[in-house]
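Common to both upcoming complexes is chain A, partnered first by chain B, then by chain C.
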Partner chain A sequence: MLLYSIKRLFAGIVTVWFIATATFIAMHQVPGDPLMNDKAVVPEIRKNLQQKYGLDKSTTEQYFIFMGNMLKGDFGISFTQQNRQVNDIIRDHFPVSAALGLLAIFFAALGGILFGALTALYRNRLPDIIIMFLVILGISVPSFVFAALGQLLIVNLNSFMGQSIIPVAGWGSFSHMIMPALVLGLGSMALLTRLMRSSMLEVINEEYIKTAKAKGLSPLRIFYRHQLRNAILPVITVLGPQIAAITTGGFVVELVFAIPGLGRYFVQAVQQLDYTVIMGTTVFYGAFLVLMVILVDIVYGFIDPRVRIN
Partner chain B sequence: MKLLLVTLYTVFCTVFTALIAAPVAAETAEATNFETQSITIALSQEPPQLNSMKATDTVSNFILPHVMEGLLRYDRRGKVVAGVASRWEVTEHSATFWLRKNALWSDGKPVTAHDFVFAWRNALKPVTASEYSFILYPIKNAEEINQGKMDHTMLGVTAVDDYTLSIQFARPIGYFTKLAAFTTYFPVREDYFTSKGDQYAAEATDLLYNGAFRLTEWVHGARLKMVKNETYWDKAHVTLNQINISYITADTRARLNLFIDDKIITTALNGETYKDALNERLRIRSFATGSVFFLEYNHRDNRPTRNVNLRRAIQHVFDADEFVNKVLATPGNLPGESLFPVWVQGVDSKFRKEYPPTIIDVNLDKARHYLELAKQQLGVARIPPLVLLVGTAPTSAKQAEYLQGLLKEKLDLDIKIDVQIFKQRLAKMTSGDFDIVSAGWSPDFDDIMTFGDLLASWNLNNRGRYNNPEYDRQVKIAMNSLDPKTRMDAMAIIQKIIHDQAVVLPQYEQGIIYLMHPKVRGVVRRVVGADPDFTYARIIQ
Partner chain C sequence: MQPAILQVKNLHVEFATYGGIVQAVRGVNFDIHQGETLAIVGESGCGKSVSVQAIMGLIPIPPGNITQGAALLNGKNILGLPSREANKFRGVEIAMIFQDPMTSLNPTMTIGNQISETLMVHRGLTHKQALKKAIQLLDQTHIPEAAKRARQYPFEFSGGMLQRAMIAQSLACNPTILIADEPTTALDVTIQAQILALMKELQRTENMSIILITHDLAVVAKMADRVAVMYAGKIVETGKVNDIFYRSSHPYTLGLKNAMPSNQQQKKKQLTPIEGSPPDLFSPPPGCGYFSRCPYSMRICESKPPPDNIVNTTSNQQASCWLQHADAPRIDALNQTSQSDAD
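The block that comes next holds the complex of A and B.
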């Protein structure tokens, strides 16, 4: 198990290095000049800006400087926010995205597992049809529509009640999180429901379920001990990457609900060609994703002894 | 399985406890509070930084004039009035400002002439790399210092004593007082700046204030708070105690929702939210931003748009009225008739009243005649497809498609639309990789010259590289004269050149529509300076 973990970790580090290199190359291939702004500047000022950000050196040289600094955990200063460290941006805004994302994943996992199991148990009957219809909606409708609808719902609720029950947007308390987390988790919830349903359907027809029934176990006990536990594996598999995806920020949801999360910086950096922030957020996201995948592999062992290596 | 659940449960509990207990307690302030005289607003983005010497964007230029003050400032009507300086004298070659003794920094120390000398020198140092340093160029030696040809101590500004500032000009300048109110001209205290190093203006606690308000809170990406500055010399005229910037989002619909929920006092509307606001029966106001949008042609050698008759052909099919009413289709925009917008001051009244621009007649026969001439001169049977460079905003696409359709239908001209993200569009504009680019210009200061020198051959913002010695000559006349009549006459010639040579094609003067809380009075909308300006705002019962 330990050797396996170390192997996975090493593979993970190589993956992160690859992500960083690929992003670096791709970023420098994007046409456009990160130092240009609305107002044109005299060549001397440009030269100074280039020096400040090390853009006066060759791309290869920049790459090695970047790699060296990355090993030290230093991503440099943002291009757009000229006196903020990229590390500060990640440190300030990742916890916000993470808190929101965890709540969203909580909603998604709870709903996905519950609804998925339900649809399988009531296969081709009314609950199944209704839920699967909603699932298709949840997967196909983009999140900005849900975000706008969710916010409109709050506005109408508040005006109906005559006072602000739930905040329309902003950040700072638990009540600020509920609607954005629901919206953010909706897509994942739909995905997990479908996964859970198909996996559950497989399990239901297994011989050991028949055995359990024949033993005279209560349906609840069969559901919890035999069906759920066996069916949940594929869900756990996708949960890892989903956690990474959601906790690093849903740009649209953060925009609509005015949430100071990392997603906004991630997208804006690309739009503004903010080299240092692009690298910082991408490498951070990549590393986080890799870590979650490794964790999921390890968690497998706890749930299913058959997966345990050695 | 149990272990997993327990772990998950523990994680959630920890996170939520941390969140609820965190000092970022929910601030559900209402839009207005009469008792405390406080307002809440939203910003579209957070200021990238608040260093007045380096500020370039609209958000910084909104916050900074609220918390800092230059030698002069703008009053309610947009006139330049006394700020830190209580009186001043401007001659052809120099200016003297006498500072008031009761102008204080937020730490209680007086604002002195040395603070201005330091700020201006520092903004011009090449190592500072300030993008707005050009605005200091009327001061003697400023340009040379900025280009690294001279030491910053050679700048033509001296602190005669703590309260007297003397300035030598590089050229006679008739509008220096209007520049003195600009952000880049704000004072910075040397000892404080040095003590902060790279951190200067990075956080609310890393900046000194001498304006009507102080910044007391700045949570990046989330919120800022400005409170009345008790050390401000003119605090008697400031009613508002607190400006909460509680939301930062670029989503106009989210801001409209916040407005409807009575959480913010004002928000701008776009084409979509405008209809929602109408449905809600909200009172919609409009305001002319003072910016002009135009099609800029590429005048470089190998481009077909260098041909004046091709430009004239396009000029005679473009109907600015139709463009404003059918394509932009939100109230407040004016059809473009000149590079100089309607608000620009002339000799005694508005420039456009004193020197009305030639109205372009939309005439298809004339347009076709010019197009034939252009084809002959270019020696082609058909004009090659023209590249129209535009930005990524949804409205830009709509405008570009309208032009594409118009020119195809009327003149059988092919337009290739090139949509590019901001930085790439700028790169292409600078390198000249376009035939026509959809561009705009926002004024920096309240003088016609902020538009006038835009197409001068030496101006780096002249992206089409238009080069006309006569245009340059007129700009120099207007730059070097103090006589309003001479200056405006020169600008009138420039206006005529732009029309006759179809140098650029004015499309519209930008207007925005917005909502304002009915209980808030005294908010000033400005073409130059902080916009909106809440300095004199107050809340009625």
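The block that comes next holds the complex of A and C.
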């Protein structure tokens, strides 16, 4: 188990290096540089700036400088935000995205497993039909629509109660998080529901369920002792990428709810070709994704004994 | 003779499919006594598994449907009970083991926990007590290092060992009847012999009755006291094992025997297969199910279902075949009631 984890970790480091290199190359292929501006810059000033930021050096040289700094954990200073370290940006804004993302994935996993199991139990009956209809909605409607609808719902609730119970937007307390997390997790919840449903239906036809019945176990016991654990395995597998997708892909929802998450800076940086911020956030997100996948693999080992041994 | 502990009467099971309704079991009768082994034989799709699964309440309803019949366990009908009621006998009075031990155990639960689960549910033991008993049971089925094995998962066992574990699990609550649904089909021949020997041994020590479902006549010869031969959803012949093998009284039994290889060198005869295929159970024939394949078929066989004829009163051999009628022609290979007996 330890050896397995170390192996996975090593593979993860290689992956992160690969992500960093690929991003670096792609970024430098885009025409223009961070010093391009709406306002015309005098060639001398431009030259001085290039020298200051090391942009006059060859791309290869820049690559090695960047990699060297990255190993020290230093991503440099933002080009567009005055005097702001990339590390500071990540440190200030990632916890916001992470908190939101984790709550969202909690909603998604809980809802997905619960509704998936429910639809399987009531297969082809009314609860199944209703939930599966909602699932299609959840998968196909984009998150900003849900975000707007969610805000509308909060406004109506607040005006109905005559006082502000849940804030419509902003950041600061747990009540700020509930609606954006729900909206953010909705797509994943729908996906996980479908997965859980098909997985449950597969398990219900397994021979060992028949054995459990023949042993005289109650349907409830068969459900939670035999069916659930086996059905949950494929759901756990996709949970890793889903966690990463939610925490990194939340910028639309963050924007609508005016949440100071990292996603906004990531998108802004790409638009402005802010080299250091692009590299910093991409490598950070990449490392985060890899870590989540490894974490899920290890959790998987705890649930499925067959993975643990090999 | 003491009364039968399980009597199955006129069992009918149907399945609703896209193609229509399949009449999988069409009136099955059998009974089983304390300590005996009843083998139910027949080819694939003849309804042998469906019959016992219907008794155990393992048929999913829908698409399945038990349209008629009764199964009396010590005089009380257990057919079609709701699961709460059925769980009072399932795993307690009647236990069951299945064809493929590799898929019949939960892959994410230790063997010990799977066995002790039955004891905790039915006997109210604590986990610790149940696990101790589980290890005893594994020991009883000759699994070496039972204590260590109890902590392992099914994928760490071989096929034969898994079937032993399945048997250990079925014995947990000392059932009076063990239903074994093709218990050795998925195992290789040497392991097969060991499992059968184990079942026989446990039957003696526990005084259990065994209902053995198989399509392997060699297994029948080794294990059974009595045999029920099934064809197209009906039992066509029942009798003591020697009657079935040496005094077959139904053409289908005869056909099965002729299609079985023997290892006696001097009898260098060719195997004769049964020509044709079983009838379509979407619309079963009105008469005898074996009519279209029977070499001795008569006109009456096509239109009227044959009655159950008692061929031998002392050993209670029965055959549902018109050839057992007093007016039927004599066939040398077949054990028939004599003319005077039939009157």
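In the analysis below, the second predicted complex is superposed on the first by the 307 of 310 C-alpha atoms of A that agree within 3 Å, B and C clash if a C-alpha of one lies under 4 Å from a C-alpha of the other, contacts with A are read in each partner's own complex, and residues count from 1 in each chain.
One rule holds in what follows: a contact is a pair of C-beta atoms (placed from the backbone, for glycine too) under 8 Å apart; a residue touches a chain by one contact, two chains touch by 3 or more.
None of the values given here were measured: they were computed from a predicted structure.
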item: Three-chain arrangement built on chain A, chain B and chain C clash or fit; value: fit
item: First, second, both or neither for A:Ile129, with chain B first and chain C second; value: neither
item: Which of chain B and chain C A:Ile303 touches, first, second, both or neither; value: both
item: Contacts of A:Val155 with chain B and chain C, given as first, second, both or neither; value: first
item: Partner chain in contact with A:Leu137 - chain B first, chain C second, else both or neither; value: neither
item: Partner chain in contact with A:Ala169 - chain B first, chain C second, else both or neither; value: first
item: Partner with the higher number of touched chain A residues, chain C or chain B; value: B
item: First, second, both or neither for A:Val14, with chain B first and chain C second; value: neither
item: Following superposition on chain A: angle at chain A, chain B versus chain C, Cα, nearest 10°; value: 160
item: Which superposed partner A:Arg229 touches (first chain B, second chain C, both, neither); value: both
item: Chain C versus chain B - closest C-alpha approach in the superposed model, Å; value: 10
item: Chain A residues contacted in one complex by chain B, in the other by chain C; value: 229, 303
item: Chain C to chain A touching residues, read off their complex; value: 56-58, 83-84, 86-92, 95-96, 98, 100, 103-109, 117-118, 121-122, 153, 155-156, 166, 169
item: Touching residues on chain B, where the partner in the complex is chain A; value: 1, 3-4, 11-12, 15-16, 19-20, 24-28, 42, 48-49, 51, 54, 56, 126-134, 146-148, 198-202, 219-223, 246-251, 253-254, 257-258, 260-263, 420-427, 430, 460-461, 463
item: Partner chain B, residues of chain A touching it in the complex; value: 30-34, 36-42, 44-45, 47-49, 52, 80-84, 89, 92-93, 96, 98-99, 102, 106, 148, 151-152, 154-155, 158-159, 164, 167-177, 229, 255-258, 260-261, 264-265, 271-273, 299, 302-303
item: Residue numbers on chain A that touch chain C, as the complex places them; value: 206-208, 210-219, 221, 225-226, 229-230, 303-306, 309
